[in-house]
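Below are structures written as structure tokens.
Common to both upcoming complexes is subunit A, partnered first by subunit B, then by subunit C.
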Partner chain A sequence: MKKLNMSLLKNIKKINIPLLIGSIILIFIFGMCLYPEYFTEADPYGRERTQYKYENGKSILVIPPIPPNDEYPLGTDHRGRDLKSLIIYGSKLTIFSALTVALIRLIIALPLSIAAAYKVRFTNGFINFFNIMFSAFPLIIAVIVLSNIALFQDIFKDATYVNIFLLSVLGWSRLSHILRTKIDEILMQDFIEGEVAIGKNKLEIAVQNIIPHLIPSIIVLFFLETAMVLLSFSQLGVFGLVFGSGYEGATGEVGVPIEFDWPSLLSLSKYFYRGDYSYLSIYPAIAFAFAIIGFNTFGEGLKIEFEKENSRVITFIRAMPSFLSPIRLIYEIKNYKQYKRSVLGKVGFYITILLIIFCPKYESPYGFDENNAFKITKELTDDIFKGRLTGFQDKDNNPAQYIVNKLKEYGVKAYGDDYILENTIQEVFNIKYAELSMIDTKTFSEKKLKFRQDYIVASNFNYDGILDAENIEINDGIFENMANEPDYYKEKALIIDIRSMTQKDFISLNGFMKYYVQPNVVIFIENWKQQEARYKSDIINKNMEDTVIISLSSEAGDELLRMGKCKLKISVNAEKRNDVIGRSVVAYIPGIDESKKNDFVIIGSNLDGIGYDLDEKYPSAGRASSAAISLEIARTLIQNEVKPDRDIIFAFWDGNMTDDRGSKSFFYKYLINRNYRIFYIDLMNLGYKSSDKLMIDNTKIFPNSKEEQDFIKRLKKNAKRNDFELVYGTLYSPAVIDFTGSDSQPLLIDSFISNEIVHTPKDTLEEIDTHSIKQVGQMLLDTLIDSFSGGSNK
Partner chain B sequence: MLGQRTIRKILSKVLVLFAFTYISIFIFSIPYGYSWEIIDGRFVSTYPLYMIFKRCNSTFISLLELNLGYNIKGKALNKVLFTSFMRTALLLSSSIVLAFVLGVFKGISDSNRGNKNNVFAKILISVIPISIPDVLIAAIMQSFAIWLNQRDIHIFKVAGAGTLAHSFLPIISLSILPAFYIARITSLEVNDCYKKAYVLTALGKGCSSKRVLWNHVMRNAIKSIIEGLPNITSMIISNTLIVEYMFSYPGLTTLLMDHIAIADRRSSAIIIVFIGSFYFILNGLYRCISTLFNRSNRREAV
Partner chain C sequence: MMPLLKVENLQVSFPWKNKSVKAVDGVSFDVPHKKIIALVGESGSGKSVTALSVMGLIAYEGGKIEGGEIIFDGQEILRMKEKRLSKIRGKDVAMIYQDPMASLNPGISVGDQIRESLLIHKIASRKESKQIALNLMREVGIPDADQRYGSLPASFSGGMRQRIMIAMAISCRPKLLIADEPTTALDVSLQADIMNTLQELKNKIGMSILLITHDLGLVAQHADNVVVMYCGKVMEESPVDKLFEEPLHPYTIGLMNCIPRIDVTQDQLFYIPGCVPSIYDYPMGCRFHNRCSKVKPICREKMPKLINLNDDRKVRCWLYQ
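For the complex of A and B:
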């Protein structure tokens, strides 16, 4: 027994502990990089928000950042994002960037070191000077300064690539120094003299002798250099150099970072590193330390292994090319008897690789019928509904009735007494046409600006007139003049360039005009750029109700200012209706789990559109397609007799852009002051053929909401299965305002397409295709079944 | 008389210093908006290149004339630089001394001294500490100081400068990583020395282990340790950036970051040259110490 213990102890002593520890850490880190979802429940985009929470009968205001607690073991950042998830999801970009930098440094350093060892002119001096240069000039300062130069941003587009490039090309010299010493040692060996004697030239010696002997050192240095790069990343992070791909937003919205990385986490924490929020810098720094320890110990462990006289690692590395060589395999197959074991091993290896590559694609047992969804989209975008504008629909033949007929046909039950949820909408309007021309008072030449391209109208009543343009500039006398001569200003078209105006001045001027002048026409020159497509989004300036308000693009505004004294011909054709009936449609598939009777999933889409102009059609096909996908999901669930654990509600909202929207009415009628837990999925504009990406906004979902976070994980998985890429951004949908609370959490889904399509005349059926509808529909259907019916029934 | 070789050596060093200064200024002379555009199939720079060189030359010449001028806020740069330079010099010199003392003693204790047991454990002991980012060290130090302050123990000031209490934490934070590096070098050198014949002879003669360590091993190892210090200098300078930033220590690197933040490119360029000068000064110093050791060893040998 004692003998056995002694031999065991001897064997343990022989174990290369640094290599073992390094391997364990690296396996853990690479696992985290490739499969982050197995390491954390929460998605990194989910956010806690400022809200009241009830604890022990007391109401507590919770404001992120939330320090570490039971729900968030590492706390949240100041945006309410779970720090643990951020670190885990951020490992991928950080580690792979570090590996890339280390690899590029090696690629640069190796040929230069060989040249220096061969005493090629200037190389030695070049390496030495580079080494001194970036020893005295801290590398991180060089990267911070150079990464801000537009040239690099223009070339690489992405901050990650700029940083990788700069860290690689400025940081190779230390490595080169080490490699040169190693090469010098190899060149001193006797066998090199032999190689020279048999007539090999320098290049041949480098390729055939130096590099093969250098491989173990290169591998070791690669891991040690990766650790060094990670150290630089941590320093860069403190100074706010973000590695992620910057920020991304939906059409005109404020964006959030696309990716997370550890340096960015340190950059976020720079405002909080003192006091109670020190955890914000300590945990990401620990992550860095953990990874650096992993790479360093693995590198040192390998070094020990390579230095062993009977190292199997070197034998293994040298045998690899021969093992993978197909020529060798063919030779061995020809001499099968001799190489039986080897052939079986290699064939097994290649079959496994082929199986992985050509693994059959997942087929869902629940077929989403894209043709049916496309047919519904086509019918909803038909001219009979005239752009589905709320309040302008026929009482009997309207989109709501169309949806109801479909739901009845599919056997989906009405939610409440009736499928249609009616509510009164105070005011609806449609600005159908507008004309704005600048008339030169000297030459009488007329320049006509393009409606919705050069300017938009932000008032909702009819107007016709020709007025003198009066440029208003903030100066000492303007308020006095306006107060003394209100009639003078009232009869003019007041031009106000707000591009360089302070907010304070703007508010003062607006208020003054409203109370003293009440002008007929005000034209604001704003910062937005001239648009190619006629973008229709009629938002009304309610500050001055009896004034025609026009917002002019920056380019058109410059043109108007250049013209100086001129007259403006203004014509607005707007149709306004009051106290109209909004018709939303709500149906549901009842859940079977009694314990989840207070839990709901609501799939919301917009029934309404933006209406037609006099001379232009706006079919809003993307919205129609979303409603069609929602309908088709309902049909497939019913047809396949899927029994969800909780109620799944299908809502088709009307009056989306009004104050009296259908979602608000639904919320007040069914949900307010009731203890319901709601997961709201808002389908915005889907099914475009030009979009191979889907943008999701899960920033309003709490990181600790397990079911919703699981849904997002499954959504990602099903997106991959349907060859769809998910990107993250901040989206805006009015319905989501009604479903954002401590007991209801919304998820928004939109197509990732250019601004030139949605809300423009291009948003037609031609932009929609069955393939895209199938991808999105199948992804959502499978995710709903996976998440809320306890998995596949088939 | 100086030999021709020495003159060439000095000239090459001066040339390197000039090249470093010029390139450093050049990096800061490139405007942030500088880029290339393709016009009629040709690359055209958005900012004339000769203007960048002109700006760079002007800064370079004014530096040679020691006419540092004023920063963007209208303050005389030489005054601002002097105060910050002295603070950083104090920080750097104190931490290098502390790191050297701690590192050498730790290195001796880490070394095998001829004993081949626990090789793996020793590697881990030396590798793990040098893998800890300076950010983490500074953050832990700061949290520790706050924890002490909350218990009315005001030994350390968390941020700022002015008193010795303000400098303790930055000096400790700055010296920890280099100390581990020096420990690593020391341990390797000591191990190497223990393999040498003269050490084995001394041991064979019956010298005490203490005597062998200090009279035979360390006397020879110390030169190599000092020669290894230049590799650590660049690391210390980089770490100074983090430490000064995190402790709001108004040294040279904080001054640099402040000037970068307000886009004062000329002042930033001058400051970076002064930061670089630390590297050259310290390296020169190490070389002098190393030469002195060499001479003293040779004299004793004679």
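For the complex of A and C:
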């Protein structure tokens, strides 16, 4: 027994414990970075909402942040996001940023250290200067101050890159000092003189002799430096520095969620470091500590290993080039009898690598017919449907009837009594005529602006008159003036340049005008150019009743401002139709699992077009394409006799640009107060050939809704299979208002595409192609089958 | 004919405390073409410092050239810029060090180290240089050159490492090879081997060798001329046969007497009485005077000059002045 213990102790002493512990920690961390979905089921984008929940027979109001509980072991943040998944998903950006900073610091420090060791002029002084500067002046303060300089933001665009750049170029000097000492030791070795004796110059000695001998030290320093960088990150986080950035919404929506990183989690600590919410600081801090310990321990372990004379690790590393050498393999194959085992091992290794790289592409057994979807898109964007404007369709020849015919053809059942769900829409309008002219009060010259080129009308209020132009700027006195003299402003055409206005100021001003002034005419100068007429309903605030709202292009706006004092001749004639009928189409494929009879998947798309100008071409091809994709999915499911476990509803909404939405009507007729569990998927604008990414918004899905989060994971997997990328963002779709609730969670899918196409007259069939339709359609089809029918039955 | 190497009044010092001490003090000698010149003397006599000065490497040892001239193949070495000097080192003048293990790069294979000179001086392309390196390894007697090409220096014996050093040194067919105690760290059996190899190569390539050694046996067998150094100065310079036949300087006589003779019965081995003076405190006058059996009063007061006796012998001694 004693002998066994001694032997065990001997063996334990041989083990490099720091290296072992460090390796385990780093494997865990890198696993988390690369495959976060295996470490947590919750999705970091999903959010808990302020809502009532029933617990133990009581109704409790739940407001994020939610402290740790059974549902969320680490709690949620103030946005309702699961903290555990934030930490896990945030590891990638944090760790890889730290590795990048450490690497760049080494790249800067190494040549400077070599130059200093060779006593190149000024190098030593330069290194010492940086050392002294950032010993006396805290690096983190310098980074925080400099990261706010607009120049860096303009150059790098992304906060991540700004921070990486600053931390790298300001923090390398300590490394340089360490490397310099090691280089001096190498230069003292006898063989260096031998290298000089054969005629090598300093550069050759540096590259061929110094650097190879430095490699073990560089590797060790890399890991130790990464730990130092992570420590700096944690400090920066406490000071409020954020790493992550986000993406713009695909259709002009500017909703930019912050990407996940550990420093930004700590940036909330100043608000939440006490009491019940201290966990919001503690858990990210623990994550940092864990990573720092991992990198430090691994680095120290490597150092011990490199200093060993007969290190197995070093022997293994040294053997790698020979192992991987194809020349060596050929030699061994030629002498197969002698090297049989080695040949078999190496050939096996190479075959495995080749299989991974050249793995045959996945082919779905459910072929999505993109040509059929494209044909439907083409038919929906035909002129006969007049841009699919709600309330302006022929009774017999309209897009709703077209969709119904297709559904019947495919054998998809109607949801409810009929395919068509009619609802009354209080008012729709079409701008039949508009005129806007600028009259110079000095010269009385008149400049007429072109409707739909220089400006568009975003209201349905008829008007005819000439008003003085009044330029409104946000300053300290404006609100007071408006409150004191509302009539003065009411009688003016208010010119508001919103190009450099913040969202907050815009909303404040609009609200104030609506409440105090109720102006006759408001003209917004915006950031669009001529020839780029856009549908502005979501940007322009329509809350002001009885006000003509005009959106002016950038060029026309500048011309107006240059004119200074002038009058504006405004005439708008809106054709209004009241109590028109909206026609949404709803069909479904029934589910076969009785236990899921109260669970629904609803795939929604917009049947109607956009725009208030009947005479303007807004084919809305992206929306039509989304409806076509939805139809084609329905057809494929029926054709392949796929049996979903729950009802899958295909809804084609009409009137969703108005308050009397088709989706709202459907919700109130069929779903309200029935305790159904609904997963709503909104297809917004899809199929664009210029879009190689899709944006999804799952911020309204609860982090721990397993089925929905699994759907998103499968969506990502199928997106990869179809060769495109999913990005996250904040999107807006009117239907989502109706499907956001305690038992109803929406997922929005949109193309990641330039604002110059979507919702403009350029949004035509020419922007759509079958390849893009195929990518999106196949992805959605496969994901639906994987998620709701137990996978492929083929 | 102009000698290949002419060292004239070389003075080399090293910093010590706030002063400097001269390790080489006015050394002059020539190395003719295709000859082996032996530089002999005890440890600390300044032999290696002289060799390093010829290579332009004295600064790496912390030394400084205080004066003199070194003319190699018609070019003044001491005032040459480093860039120009690096073109000569390894190509026209090469060096073999006493301890090959310390001088070989432990992290690079021997084959690659041999071809380094060829690549640096663009003697051959990458592909050709490998073949040349293999040939050199065979030439210097390294067995299984193909197998051992990729081996690290640590896997070789002392003798083999020295051969590798030789291969490295001769790779560019230098005009002058400086061999600094090339056999001191080796067994006697290997010493002859190495020296024979050097001799053969010298004949084959036509290079000159500056052999630095304290082994008079080697000198007798291989050198053409001998330069005897003591305390940083040349004491005697002579063709080898004349030196052994009739050494002139008392120090040289003492060195000769120190060689054990098989044909002479001795109760006790001969030794030169006294110690080599400290470099920091050389005596006035002749630096050998406090160990010399033939010392005269003038020896204690004045340093004798190195004078020519006949055309081919020089000696620094008051006995001959």
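Before moving on, here are some points about what is shown:
Operating definition for what follows: the second predicted complex is superposed on the first by the 611 of 794 C-alpha atoms of A that agree within 3 Å, B and C clash if a C-alpha of one lies under 4 Å from a C-alpha of the other, contacts with A are read in each partner's own complex, and residues count from 1 in each chain.
The criterion applied here is as follows: a contact is a pair of C-beta atoms (placed from the backbone, for glycine too) under 8 Å apart; a residue touches a chain by one contact, two chains touch by 3 or more.
Please read all numbers here as calculations on a predicted model, not as lab measurements.
In the overlay built on the shared chain, the residue A:Glu204 is in contact with subunit C alone; subunit B does not reach it. After overlaying the two complexes on the shared chain, residue contacts for A:Ile141 are found with subunit B alone; subunit C is out of touch. By the touch criterion defined above, A:Pro365 reaches neither subunit B nor subunit C.
In the superposition on chain A, A:Pro590 makes contact with neither subunit B nor subunit C. By the touch criterion given at the top, residues 55, 57, 60-61, 82-83, 86-91, 94-95, 97, 99, 102-108, 116-117, 120-121, 168 of subunit C touch subunit A in their complex.
Interface of subunit B with subunit A (complex): residues 16, 19-20, 23-24, 27-28, 30-36, 46, 120-121, 123-124, 127-128, 130-136, 139-140, 142-143, 146, 158-159, 230, 233-234, 237-238, 241-242, 245-246, 253, 256-257, 260, 268, 272, 275-280. By the touch rule above, subunit A contacts subunit C in their complex via residues 189-201, 204, 208-209, 212-213. Considering their complex, residues 15-18, 21, 129, 132-142, 144-146, 148-151, 153-154, 227, 230-231, 234-235, 237-239, 266, 273-275, 278, 281-282, 285-286, 288-289, 292-293, 296-297, 300, 304 of subunit A touch subunit B.
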